[in-house]
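Structure record follows, encoded as C-alpha cells.
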Amino acid sequence: MTTVIKNGTIVTADLTYKADVLILGGVITAIGAGLSGDKVLDASGCYVMPGGIDPHTHLEMPFMGTYSSDDFESGTRAALAGGTTMVVDFALPAPGQGLLDALQMWHNKTGRANCDFSFHMAITWWGEQVFNEMKTVVDQGITSFKHFLAYKGALMVNDDELFHSFSRCADLGALAMVHAENGDVVAELSARLLAAGNTGPEAHAYSRPPQVEGEATNRAIMIADMAGVPLYVVHTSCEDSHEAIRRARMQGKRVWGEPLIQHLTLDESEYFNPDWDHAARRVMSPPFRSKQHQDSLWAGLQSGSLSVVATDHCAFTTAQKRFGMGDFTKIPNGTGGLEDRMPMLWTHGVATGRLTMNEFVAVTSTNIAKILNCYPKKGAVLVGADADLVVWDPAKSKVISAGSQQSSIDYNVFEGKVVKGLPRYTLSRGQVAVEDGEVKTREGHGHFVGREARP
Amino acid sequence: MTTVIKNGTIVTADLTYKADVLILGGVITAIGAGLSGDKVLDASGCYVMPGGIDPHTHLEMPFMGTYSSDDFESGTRAALAGGTTMVVDFALPAPGQGLLDALQMWHNKTGRANCDFSFHMAITWWGEQVFNEMKTVVDQGITSFKHFLAYKGALMVNDDELFHSFSRCADLGALAMVHAENGDVVAELSARLLAAGNTGPEAHAYSRPPQVEGEATNRAIMIADMAGVPLYVVHTSCEDSHEAIRRARMQGKRVWGEPLIQHLTLDESEYFNPDWDHAARRVMSPPFRSKQHQDSLWAGLQSGSLSVVATDHCAFTTAQKRFGMGDFTKIPNGTGGLEDRMPMLWTHGVATGRLTMNEFVAVTSTNIAKILNCYPKKGAVLVGADADLVVWDPAKSKVISAGSQQSSIDYNVFEGKVVKGLPRYTLSRGQVAVEDGEVKTREGHGHFVGREARP
Amino acid sequence: MTTVIKNGTIVTADLTYKADVLILGGVITAIGAGLSGDKVLDASGCYVMPGGIDPHTHLEMPFMGTYSSDDFESGTRAALAGGTTMVVDFALPAPGQGLLDALQMWHNKTGRANCDFSFHMAITWWGEQVFNEMKTVVDQGITSFKHFLAYKGALMVNDDELFHSFSRCADLGALAMVHAENGDVVAELSARLLAAGNTGPEAHAYSRPPQVEGEATNRAIMIADMAGVPLYVVHTSCEDSHEAIRRARMQGKRVWGEPLIQHLTLDESEYFNPDWDHAARRVMSPPFRSKQHQDSLWAGLQSGSLSVVATDHCAFTTAQKRFGMGDFTKIPNGTGGLEDRMPMLWTHGVATGRLTMNEFVAVTSTNIAKILNCYPKKGAVLVGADADLVVWDPAKSKVISAGSQQSSIDYNVFEGKVVKGLPRYTLSRGQVAVEDGEVKTREGHGHFVGREARP
Amino acid sequence: MTTVIKNGTIVTADLTYKADVLILGGVITAIGAGLSGDKVLDASGCYVMPGGIDPHTHLEMPFMGTYSSDDFESGTRAALAGGTTMVVDFALPAPGQGLLDALQMWHNKTGRANCDFSFHMAITWWGEQVFNEMKTVVDQGITSFKHFLAYKGALMVNDDELFHSFSRCADLGALAMVHAENGDVVAELSARLLAAGNTGPEAHAYSRPPQVEGEATNRAIMIADMAGVPLYVVHTSCEDSHEAIRRARMQGKRVWGEPLIQHLTLDESEYFNPDWDHAARRVMSPPFRSKQHQDSLWAGLQSGSLSVVATDHCAFTTAQKRFGMGDFTKIPNGTGGLEDRMPMLWTHGVATGRLTMNEFVAVTSTNIAKILNCYPKKGAVLVGADADLVVWDPAKSKVISAGSQQSSIDYNVFEGKVVKGLPRYTLSRGQVAVEDGEVKTREGHGHFVGREARP
C-alpha cells in the first residue's frame, strides 16, 4: 500500500519547493509533481519536512528505585504528537556495570516504542572492560559516547578518564559527547548553599552558574583536541559555554553545541516563583539562565556556531520532584519538552524571523542526523530515505497544557504558552502516527537505528 | 538522447553515496542504482559532484582601451577544464553610465560562452537613474549588487552612497556585495610609496595592508546591518577581515566571506621575487598575505565563518602588466585561477585533511548557489537540477603550467604546482565538455542564468 | 604663607598612606608626618587625592548665535565644587577659520576661570593653513587634536582628511583624538526618522545606535595605526566601541577610551520619559545606552581597557533645548556633569566595590594627566606638583539638585540622586576653593596649562 | 653615612625626570636637585630606576637528593649583577609536610642572601593542618599561595583542593597563584611519547602543548572567580593562556599574567638543536613556544593584559640535566635568567620600541610590588622607600656568557646574545652591590620582606 503526501511544500535543510511525496514500505519512493497513491494525505498550505530528531532524551531512566515518568511508549508518543520521529536515548551503566549489560537493559525498555530510536552509550567509569566493550558497542551501531563532568560521586569522570575515553573514541571513529559542568565546584557550591540554609529549588541555579559550564566546556574541547576526536557538547545553555565552542570552531576544531528548547525560551526567573512545585519542576542541569544568555544561544543558531536544538527530556512527576523538599540537591534533575520542541522553536524561531524554515529543519533534524551518521536515512526528504516526515501546518495553533498532552507527567514547563505551527500529519516510516492532529501511534512500531563509525 | 554516469560515488554538500546519474535534455532525470542510457560515462573510482561555480570573474573586462585577456569563450573553457561549470561576472558601469546600458554590454560579450553564467551588477556611482534601474536589473534576474570601497576616483563609492544603495538592495530583496579596502588610505599610502621611490610591484602589497581591508569590511557590515540587507564580502584575504565577518556572524548577522584560492595557497613572498614580471603577474587587490593570514582563511572554511572559494579571475597578460613598470599603481590588478581553483583546493584542502569532500562541494558550488538563489538548479545533484556535473578523479594528477592551460594568458601564478584530483568528465547541462581529460567545449552552449529576488 | 593638610590618608593612583601635605606658593613642598603650616586644613577621616581633571568640556561654546550656558567662570566653579581642579576645553575653529584665530578666541573666554585649564584643538577642515598652524599650536602648548567623524556638513572630516591630520599629529608628537560616530549614516537615519514623523528627543537615540559608534571607532583606530599616532577616543559609550578599543589594545596599539559619567550611570530609558523637556535635556551624542552597554564600560574601567572618566560638559538650558521642539536634530547636543562626576563615580564605582580608590584617582585624574603629558604637574600628590588637591570626605552626602548647584543650567541630569563622598576641601594651586563644603572660588585664579609634545 | 646618586634621570613606572637621590640608613631620604652626600654615585647619562623584583625563583630547590644549583648566595648575587634587588622564592612543602615546617626550611636557606627576598607558600596537598597553617603563614608575612595544576603524582592539586585553597586565600586576604598546565593530559601525553620511543628533550615540548596551558589557566580563573580571590598566573607562555587571562580581565576579573624573559626571547627551535645538552638545558615548563606565541606575549605587555616579567630561575647544571638522558620526563625542569632578565628585556623591549622605559619599570618591578603588597617599600623611587635602586646605563653593553656570569650554573640559555643596557650601580637598601659594573655584594645583607594581607 502506498501513501502519498500531496499539495505541500517540501522544506529541507537546504531547499524549499513544491512537490508530492510517495511512500512505500516505510521509505520515500518518489518526489515530484502529480504523484498518486493508495492513501492520500493532503498537505495544502503545509510544509513537508523531515521529522524531528531529538538526540537527547532519558526515557524510563532509573532514579532512586523508580524511573523517569515517560517511558519509550509515552515518550515516543509525545514525540510524534509534536512532529519528532526519532529519539536518541542515553544508556547509563551503573558504576562498575559493563557497557553491554547496560545496553541490553536499554534495549529491553524499547519494546513499545512508537517511533524509531537510537542510543548513546555513557562512560561512567573507566577500566579495561569499558575499553574493550566500547568496540563491541560501536559494532552494534552505537557510535557516540557520553561523558559527565558533573554529578560528582555518581556519573562524573575525571580528566584522566576523559582523555582515555576520548582517545578510544578517536580510535573507534566514534563521537565524543560531554555534559559540561565542573562537578567539583558544583558539589562544593551546593554544600555551601545547603550549609547556609539555602535549600530551595532556586539554590539549584545558584549552585551551577554559567561559569562552571563554560569552564568544563573549554576543558572538554581541549581534551578532545588532544585526543583528535570530534566533540558534541550537550545542553549548551549559556554564553560562557557557547564562547568556548565558538572559539574552538574558529580554530577549525570539529565541535558542536546543542541548546535546549527550554534554555531558548525560558529563563532563570522561573526559579524565583514562590510556588515550590513550580520552581522544582523546572530544576534541570544546567539550570535556566538570564535573557542575555538566551540571546547568545539564538545568535549561535543563526550563525551556525550552535548546531542542534534538543530537549534533555527527562520527565519527573511532581511527586518525584518532592523528594527534594528541604534539600534542593535531592530534587531529581529534568524537565519535559519532547512534545513541545518543534512547535516552540517554530513559534519563537521561525515566526519571529530569527530562523529560516530551512534552518529550522537543520537544527531540529538534519544536522544531528549528519553528526550522528544516520543521514540521509533520517533527517532527509529524499528518495530512499525513511519516510519519517512531518506535514507542518503553520496556521494551526494551540495553548500548551499538561491536561491535553501525550507525555505522562502531570505538568508542563511551557504551560499556557501559545504555539502556532503544529503537525497536521506525522509519519514514522510511513505509518501515519498523527492524522489531522489526532494521535494514532502504533506501539512497538519503532525500531532501533544502528549507526556506522567514521572511517 | 540520454547520458548516464555510472559506477561513481555521488558527493554533494551533505551526502556521499554510490549511485548512477541519468541525464536528459540537460537536466538530471534520475539518480539510483543500475541506470542505463545512450551514452555511458564511466565514473569508476571517481566522485560525481556538482560542477564548480566561480562567483567572481572579470572576463573581457575593459581596461585602458584594451581588455582582460580571457573572454567568455576562453574563460569558460578554462573553467570547464578545471571542473567549474558556471561563472558569475561583474557588469561594471562606467561613471555616469546607466545600469541597463552596462548590462547590455555585458550580455553582448557572452555569445561564445561555453558554460552557463550570470552577472552581478556593480554600483559605481549614485543617482536617481541608478536607483530606478536597480529594480529593472533585479527584474532581469540580476539580484546581487557589488560596491567598491577602494579604487578612489574610479569605482569607489562613499559611505553615504553605500548606505543608499544597500538600502535599495534591501527593498528589492537583493544581495549586497562589497570589495572592502579603505580607498582613501590606500590612495594616500600609494602616493607616499611612489613619492619615496617605491615603484615596484612589492609596493602594491605595502599600499594595501590587512588593516585597510579589515576596516572596510567592518564598515560595510555595519552599514549593511543598518540597511537590513545580507552582505557578501568578496575576496576576504586576511584575519582582519575574517575577524570582522566572524564577529558579525556571531551576532546573528547574515554575512558571508569569500576567500580566493590564490590567498589560500600563495603568500606575500611572491612579491619579493626579484623578477619584476613574476611579482607583477601576482599583483591583485587585496594582495597576497602572510602565512598567518592563510591559516585564518583555512580555519574559516573549516568552521563555516567563511563560505565560498572563488578566484577573482581577471587575466592580464605580461604585456599588459608592464604598463605599470616604474609605477606600481599602473599595474593592472588581477590574476588567473579559474582553471585551477578546484584542483588546487582539492589538493591543498581535501587531500591534506583540512576539508571533507562534502565541504569541498559546499565551498566550491553549493553555498554560493544558495547565496545567489540559483540552488538547486545549480550546485546540486538532484533530479530536476541542471546536469552541471564534474566526475572527479582523485587519482589523476598534473603539473600546472601556462604551456598547457586553456586560459589565454601567458603565465600561471600556480606554475609548477602539482595537483592531484582532476576532472575525468565535466558536463555543462549534460553536454560533455571535458571527456577523459580532453576538452570538447561547445562555443555558445552557455546560457545566462537569471535569479530571483528574495521575498 | 603655607597651608598644611593634616591627619588625612593620601590616595594616589598607586598608593594609599597616611601623611600630611605642606603647600607653599601653589605647589606641594613636603609630604610626611607631623607637618605644620600657617593655615591648617583638617583631613581627619578623609582621603587626600589629586584634584580631578575633566578632559572633555565645552564651556561658553558658540551655538546658533548664543553659547552653552556654563562659561569658564561658572563651569570651573562647578568643577571645583565637585572636586575637579582642571578642565580641558575644545577650541573649535569654524570651517575655514585658522587654528590660531580660534585659539585666541578660546583664550579670550578664560579670564574669569577659577581653576587651571588647557585646550585641545579641533581639526574641522583641512588645508595648507591648518597643516602649518598645527605646528604653532603645538609650540603654544596644545598637543592634542580632536577630529569629528560625525556632524556631517559641519565639523565632520572625511577619512582622507583624517589620515592627513593624524599623520601630521604623528610628525608633531601630538595626540590624535576622535569623536567616533559614522556621520553619513547618522545623517541618513536622522532624515528617515524625521521623514517618518519621529521628531521627538527619543529619535535622537534611534538616529545614532551603538553600531555607528563602534564602526567609527574601529575606523579611526585603523587610520591612527597607519599614521603611527596614539589615539584617544572621546565619550566611549558602548560595547561596540569598547570592543574595537580593546581589540586594538590587545594588538599592542596605543589607544585609550573615555567613558562619560553619564553613560556609566544613566541609560536610554531617560529618552522614553513622556516629558519632552526631561528627554531633551539628556540629548547628547552619543546618546545614553542600555544597561548591557553600561556593564561593558564598568568592566573596561576595571580591566584597564578604558582609561578615563569625563563629562563632555556642554550645558544648554531648557530654553536652548527647546530650539529642537518638533525636530530632534535641532536640539543642541550636550548635558552637564562637571560638578557631579567625582561624587557620582565614587558612589557608583568605589562604594559599590567596582573600583578601588586608587583606580578612582587613576581614571579621574592621573591617567589623563599622563596621556595629555601634564603629569606630574597635575594628577599627582608629589613634592613639586601643583597643589591641585581634593580632601575627600567619604561620609559626606547630598542629594543632587539643580536648585543647589554651581552650574548655571536650570536642571541636572542626575537630579534626585544621592551621592555619598564629597569634597571637604578643594584646592586649586593651594588656593582653598571649597572649604568645609562652602564654595570660595577666586575668579581669574585659573591659568592655562601648556603641554609638551612627545619626542 | 649618606649616599647620593647624582646627575641621573629618575625613571619610575609613571614618571621620568631629572633629580638626585639621597640615601641614609638604607632608605631614600630625599629626591631633588643639588643633593649632596658622603658617597657620591655619578649617574650621568643613566636612568635611576627601582631595582628589579623577580617574583619567581627556585633557589637551592630540593631535587632528587640534590638541589638546584644557585642558592640564595649565588642567586641573589646574580640578581644584583643584573639590576634585580629582590627575589621571591617558593616554599615547597613535601606531600604531608606542614606549611610552617617548610617555611622554616626555606628561611634556613637564606642566611647568605645578598639582597632582600620574600616567599610564596605552595599548597601541594590539602587537609585541616594546611587550612589552619595558612593563617599562620599569612600572619608571618607570606600572603601569596601557589598551586600546581601539573606535576601529577607530586605537587599537583585537583579542582576540589584548588577551590578549597582558593576560598581560604579569599578569606585570608591572600593572593592565589597558579602553575597552569593540565597535569592529567601532560602525564598521559608524556607516557605515550615515551612509549613511542620519543625520549629526547624535544619530546618535553611535545608533551605540554599550549592547549594544556590555556585550558588550565581558564580553569584556574573560573575557580578563582567562584572563590572570589584575585589570581596570579605564573609563567604565561602562550596565546592560549594569555587569551584566557585577557578574556577574564575584560570581564572585570582581577587576574594577572607573568610572561618569562625566556618565553619572550627564545623559541621552540631551541629544542630541535641536535646537541642533547643544548636542548636539555632549555627544558622547563611550560616549554618555549613558537614566534606567534611570543608576539602575543609582547602585545600583552604593551596593552597591559600581561603584567610582570619574571624568570622562574631554577638552575640545574648540565650534570643534573643528564639525569634525564633516555627519558625526557627525568630531565629536571628549569633554566636560569635571574642575571639576564633586566638587560634582555631592555634590549628586546625598550631599545626596539616595544615598551617605554616606564613600562619597563612597571613590568620588572613596580607592578609586582603592588600585586604582592610590598609597594612602595619596594618598586618605587620615593622618599621613605627602601633604597633598592639600579643606575641603568643604556650605553653599556656585553655579550652574555656563562664564563663571566655570577650564577653558578655552567651554561646560559642566552649564551652569545648581545645586550645593551646594564647596571652601572645596583643598590640593595643603600648598599652598593654593583659599582661601575664590578660586583661587591655583601653576604647576609638580604632580609626577609614580610607582606600584609589585603583587608
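Letters A, B, C and D mark the chains in the order given here, with residues in each chain numbered from 1 onward.
We take it that contacts are C-beta pairs under 8 Å (C-beta built on N, C-alpha and C of every residue); 3 or more make two chains touch, one makes a residue touch a chain.
This is a predicted model, so every value here is computed, not measured.
Trainee: Please give the intersection of the contact partners of chain A with those of chain D.
Mentor: Neighbours common to chain A and chain D are absent.
Trainee: Using mean CA coordinates as chain centres, what's the gap between chain C and chain D in Å?
Mentor: 39
Trainee: What is the distance in Å between the mean C-alpha positions of chain B and chain D?
Mentor: Chain centroid spacing, chain B to chain D, equals 53 Å.
Trainee: Once you find the CA centre of chain B and the CA centre of chain C, what distance in Å lies between them?
Mentor: 50
Trainee: Return the residues of chain A touching two or more other chains; collapse runs of consecutive numbers into ranges.
Mentor: none
Trainee: Pull out all the chain pairs that touch, please.
Mentor: Inter-chain contacts occur between A-B, A-D, B-C, C-D.
Trainee: Within the complex, which stretch of chain A touches chain D?
Mentor: 158-160, 163-164, 182, 184-185, 187-189, 209, 211-212, 214-215, 218-219, 222-223, 225-226, 243, 247
Trainee: Using the touch definition from the top, list the residues of chain A that touch chain B in their complex.
Mentor: For chain A paired with chain B, touching residues are 13-15, 17, 31-32, 246, 249-254, 298-300, 302-305, 354, 366, 370, 375-376, 383.
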